[in-house]
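Two complexes are shown next, each including subunit A; its partner changes from subunit B in the first to subunit C in the second.
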Partner chain A sequence: MKGKLTSLSLLTARKLFTALVQLYVIATLVFSLMYVMPGDPVRLLLGSDSNPSPEAIAAMRSKLGLDQPVLTQYAHWLRDMLHFDFGQSVFDGYPVINYIRSGLPNTLELALAAILVAIVIGVPLGIVSALRRGTPIDAVSTSVSTVGMSVPVYILGALFVVLFSLHLHWLPSSGYMDFSRNPVEHFRRLVLPAFTLGFGLSASISRMTRSSMLDILSRDFVRTLRAKGMSERRIVWRHVLRNAAIPIVTIIGLQLGNLMGGTVLVEAMFNWPGLSTLLVDAVSKRNYPLVQGGILTIAALYILINLGVDLLYGLLDPRIRRKRT
Partner chain B sequence: MLEVDNLCIAFETKQGLRPTVKNMSFSVRPGEIVGLVGASGSGKTLMSLGIMGLLPANAKVTAGSVRIGGTDLLSLDAESLRRMRGSRMSMVFQDPLSSLDPVFTCGDQIVDAIRLHEDVSRAEAYRRGVELLRKERIADPVRCMKSYPHELSGGQCQRVMIAMAVACRPQVIIADEPTTALDVTVQKQVLDILRDLNREVGAAILLITHDLGVIYEVADRVVVMYRGVKMEEATTAELFAAPKSDYTRALIAAMPSLGERRDRLPTVASALDTADDEDAGSAAVHTEARPRLYAVPAEPAEPEPRHDAARRTADTRSPLLSVRNLRKTYVVRDGAFSPSRAFRAVDDVSFDIPFRTTLGLVGESGCGKSTLSRLIMRLTACDSGSIVFNGQDLAGLSGPALRQARRDMAMVFQDPYGSLNPRQTVEELIAEPLVVNGRATERAHVVPRMIDCVGLARSALGRYPHEFSGGQRQRIAIARALALHPALVICDEAVSALDVSVQAQVLNLLKDLQHEFDLTYLFISHDLSVVEHVSDTIAVMQGGRIVETGSADAIFAAPTHDYTKTLLGAVPRAVRPIPPPPFTQAFQS
Partner chain C sequence: MSQRILLQLCRRPVTCASLVVVALVVLVAIFGRELAPCDPYLIDQSAVNQGSSALHWLGTDELGRDLLSRLLAGIRPTVLVSLGATLFAAVFGTALGLAGGYGPAPLAFFVMRGVDILLCFPPILLALLAVGFWPSGIGSLAIVIGIVYVPHFARVSQSAVARVVQQEYVQAELAMGATWPRVVSVVVLPNVLSPLVVQATLTVAEAILLESGLSFLGLGIVPPEPSWGQMIGTAQDYLSQHPMYLFWPSLCLALTVLSVNLIGDGLRDLLDPRLSKS
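Moving on, here comes the complex of A and B:
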């Protein structure tokens, strides 16, 4: 047990270091975004005045620190990032961090709820179709997941709204309710967007679970377990599932990462005030500080999720703990 | 104790039931070890799974009974049968590493085996596990209990398997090729342990193997199986002294046996037919019992490839390959916190292979044999030393010059299942070296010639690898290796995965081709008897070094190094009391 822990903490330290390096690289890329993107941000900032005076431009430049050498700007940028200071929104002067603080939890909540839905539907479906391979159950679940993968979320969402909200009147069709104001209503409004997102994801999870389970079920050690006299249920739950978990965890991690910036359609459809919506809006308005802050936040979350997945690998498979990276 | 009576097992196919085990009857008494021999595909494993009630979904018992201590297993319901497994009957499988769950410690798995059937505490079960491992002469049983399977060697894993199998003192143990995946010296230890432990446990052991040497070493009685039918049953002494069936005689004759060098190994004529049957639909591919000698059809003389011509003029007495002071070191780390250390995979190795001869390289797994072959092919760069091939030092070559030099070398690998791309037809497989080297135009006449040379029918060209048996696949691999007319062929455990009878055919084929194509072989194997049979000179490798070299006759007659002696001593020897029959065509069913 002790060996397990030490090798795990070593793995953690290594992965953590990699994650920090990745973050640094992304911060640098985002910094250079300002210079790569077309259009002068200063002119944009002074956009209301169609022909700003050179003095106004110079004043704005010095205010933003753009008149300093690039390396100095870079150093300041990194320093600000370390303090979670992403600057101010161009149009209203609000700190970007406030925008992120308001949008991020909503996106996170939606993404986690969607993944939860996907896991709860996908994993058992995959297990059942692997164990009942070639039977009608398998055929049905495989075709359901094909449908799930091929229907775009906006169609699925619309169908859900028509069915559960307009027809059955079970759930509100869209909108957001603050948890502190009305917890029940808050969750009622979460259900449809979460299912809309999660249903499609569950398809690939169930596919992966099925094929991974089938692969493990054909391994020699499963035969050994049977020869030991272990019951099928225990073989599946204790041994096969744990061996099959890595590809499943991988795909769940990837999906969760993608959801960080990928909830935009559903957020728009259900009027959900999340980070994705905020970011799309900022991009179209060239609100650079907000774009930068948003990208950095999403990237950091993505890295964090990957870190979690990597550590989970180590927990699941002793062979990975020892591998040197 | 174990009584199998008139057991029939069949596969359900679209064409109806295909009987695979036919009317098998035999019994094993407590404390007795009965060997079950037969070629792969003869139904041995299927029968053992049938006894355990672990048949694959598409196979079923069609008749007969299996009794253990009076209980008829076939009439039991699934739950009662499950309770029997592990407690009253248990099994040891072929590949110990893949037969253990990789994500649980060995201790957990042994403890599981005990606690599934006995109501004891975890601590008590753990203590018993440690005790079992100690009895199996594992140096540090507590550490072994804490280890994951991948942290142990094959021999240690197999001991863990045996510990699980005997943990609940079963009445019957079925060991299915328990030592096939292990080195000779480890094989001996494992067999000894199995036998010794059984003195205490007193189980009836059914030992399934294709290796008659193993049978000779440990079995009390032998059942010979061929195509699902029992050919004969006798005590081990009787069987080797006076085999009754022609098949057994042929099987004994086909074994390359230490101390006897013959030009050709007799082959079991119909063994390939058996293999054909295994592969559904391949009936059209008829393999000849013996590879045709000089089977090149009478076609107008092919223009000799240029390097071939050059080779003929070379002085045939100078070595084709000359390796000097070759070294390769890997940096390894034993555990997460252990300091990294240098592991000398190949340590100051020197040898010569004269033109048109065979060097047999022997050693146990991990001794550096395969690293050496990779160094020679320059698939891995060496740290120092020289590899002079055809008068050119490969160690210094790179880019096009290296690729050019590599064309004169070819490799045949161990696993004929893994080394052929399953999505290519045989024709594409054999033609690939030509295509890669820009000689695609020769494909039309070279490929059929190669397939003739290795003794496969031309109808095989349009088929895919999975339609062939192991021996046939290895022939395809050989044909591919020869497509570019290489000077040197490196055979890395090329026959290790094959049955004795098929192995004999492939070895004969390699010998024939050596004459026909003026080949020089580097023949790598862990199997001393095979190496002895094919080699002119032998090099024995241990821990990255070559500890002894010499002519094959000299080394086998009078080994000087201790390690060579150990290796020779560990080989299960089956005496060959009867002169091999003239040729075993006699046995044609």
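Moving on, here comes the complex of A and C:
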């Protein structure tokens, strides 16, 4: 027991260290963006004014902190990041962190709902097609998942809008409602975006479930269980699923991480006021502090989720702990 | 060798159909502007959001421009961007993968950790970031999307190279006094080509999706230049009046991506039998 704990904590420490290094490098990358990209950000920001006065340029420079030496700027940047201070939005002077605070919960809610939909559709589909391998059911579910992976979310979303909103009038086609103002309407507006995202994700989950199940079903211990006369249902539920779970959990975790930036198209099409919507808006208006803060938040979440998956993976599979220590 | 592979691909009906679709797409990308029945940029305020007619076979868009002509003309930027991006990613990714798999240990370490960090960014985010700071245009869009897929190629080629380098024929070549450029170009590269070809096919499909996603958001191909993603994005606003406006570009895009993916699957089954088991 003691050995198990130490190897686990060693694994945790190593993963944690890697995650911190990744975060640091990403913060540095995001900082350096202002310098490596072609074009002067100050000129771009003052773009509406074709010939800005030197005073305006100087004011904008000092507003962005660009008038200081690069290393000072870098040190300030890292210090501010540690305090979750991402600076102010260029246009209204509102702190970037407030924007992030308002967008992030919506993105997380959408991502979690989508993952839930994907699991509920993908896992049973994968199990059924593995157990009925080679039958029409398998063929149908495999082709559905191939199509699901090829159809862009915004096409799928449009199909859903046409069907459930314009024809059947069951759900609103887009928009957002505050939970505190009208909880029912809030969830009604979550359904279409969540299904749009989740349906696409369910394709790879069902694929992974199928191949992982097939892999385990062909193992010797399953043959032994069958030879012992154990019922097929018990074999599948008690033994195969448990062993097949690790790759499935991994892909679900990876997808949750990917959703941190991956909700962008669905947020745009359903007017969902999440982090990605903010980011797209900031990118098109060249609101650099908001772009940097948004990117950094999303990347940090992505790293954290992947860290969580890695640790969970070690917890689920004892062989991984042993191998790495 | 490539003829044999093509023949084998054609033997499977699904892959054969996909090859036909992709060949059509490429042909239209080259000759689309000449094939277009109308001028894809011609605005006609008297024929806004029309359904199909003898003059406009697939109808018109919100500015009265001919949909069929815009669909045909919209292929070229998409194909150019996705092929350019794949080429960029393949060249730089493979070079990094070679460094990571065959280069000296410190170099390999830094290259592969760098690749890991780039992989931390979700693809669309990375593209969004670069698009935000870079001037728009087909060339820079291709480079931006290419950068996104460099780490994927680096990973694939690194693991293939690391496997090949251990083989006896490479050791034999080295024992005979071959220099490293010779080993890399004559022995290693030809032997890691098949996973790279598969990766390239799948990257083309992903790049098409990414380009159309960016154009959908209004950050990719800049109007009035037509592109499928941008048409889909605009069509969403006219969903209730003119659903076919959305239907045609969506169908073209989905069919193209599906075909490229199916060719990739077929190639993988042919070139790398171990992977196709599942």
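The rule is short, and it goes like this: the second predicted complex is superposed on the first by the 290 of 325 C-alpha atoms of A that agree within 3 Å, B and C clash if a C-alpha of one lies under 4 Å from a C-alpha of the other, contacts with A are read in each partner's own complex, and residues count from 1 in each chain.
The working rule: a contact is a pair of C-beta atoms (placed from the backbone, for glycine too) under 8 Å apart; a residue touches a chain by one contact, two chains touch by 3 or more.
Note that the structure is a prediction, hence the values are computed from the model and not measured.
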First (subunit B), second (subunit C), both or neither touched by A:239: first
Subunit A: partner with more touched residues, subunit B or subunit C: C
Touched partner set for A:168, first subunit B, second subunit C, both or neither: neither
Which of subunit B and subunit C A:228 touches, first, second, both or neither: first
Partner chain in contact with A:184 - subunit B first, subunit C second, else both or neither: neither
Subunit B versus subunit C as contact partner of A:71, first or second or both or neither: neither
Touching partner for A:268 - first (subunit B), second (subunit C), both, neither: second
Contact footprint of subunit A on subunit C as seen in their complex: 116-117, 120-125, 128-129, 131-135, 205, 209, 212-213, 216-219, 229, 232-233, 235-236, 239-240, 243, 246, 250, 253-254, 257-258, 261-262, 265, 278
Subunit A-touching residues of subunit B, taken from the complex the two chains share: 52, 54, 82-87, 90-91, 93, 95, 98-105, 112-113, 116-117, 146, 148, 150-151, 161, 164, 333, 335-337
Residue ranges of subunit A touching subunit C (in the complex, touch as defined): 22, 25-26, 29, 33, 37-39, 146-147, 149-152, 154-155, 158, 161-162, 166, 173, 210-211, 214-215, 257-258, 260-262, 264-265, 268-269, 279-280, 282-284, 286, 291, 295, 298-299, 302-303, 306
Sites on subunit A touched by subunit B in the complex: 3, 6-7, 10, 219-221, 223-231, 239, 242-243, 316-319, 321-322, 324
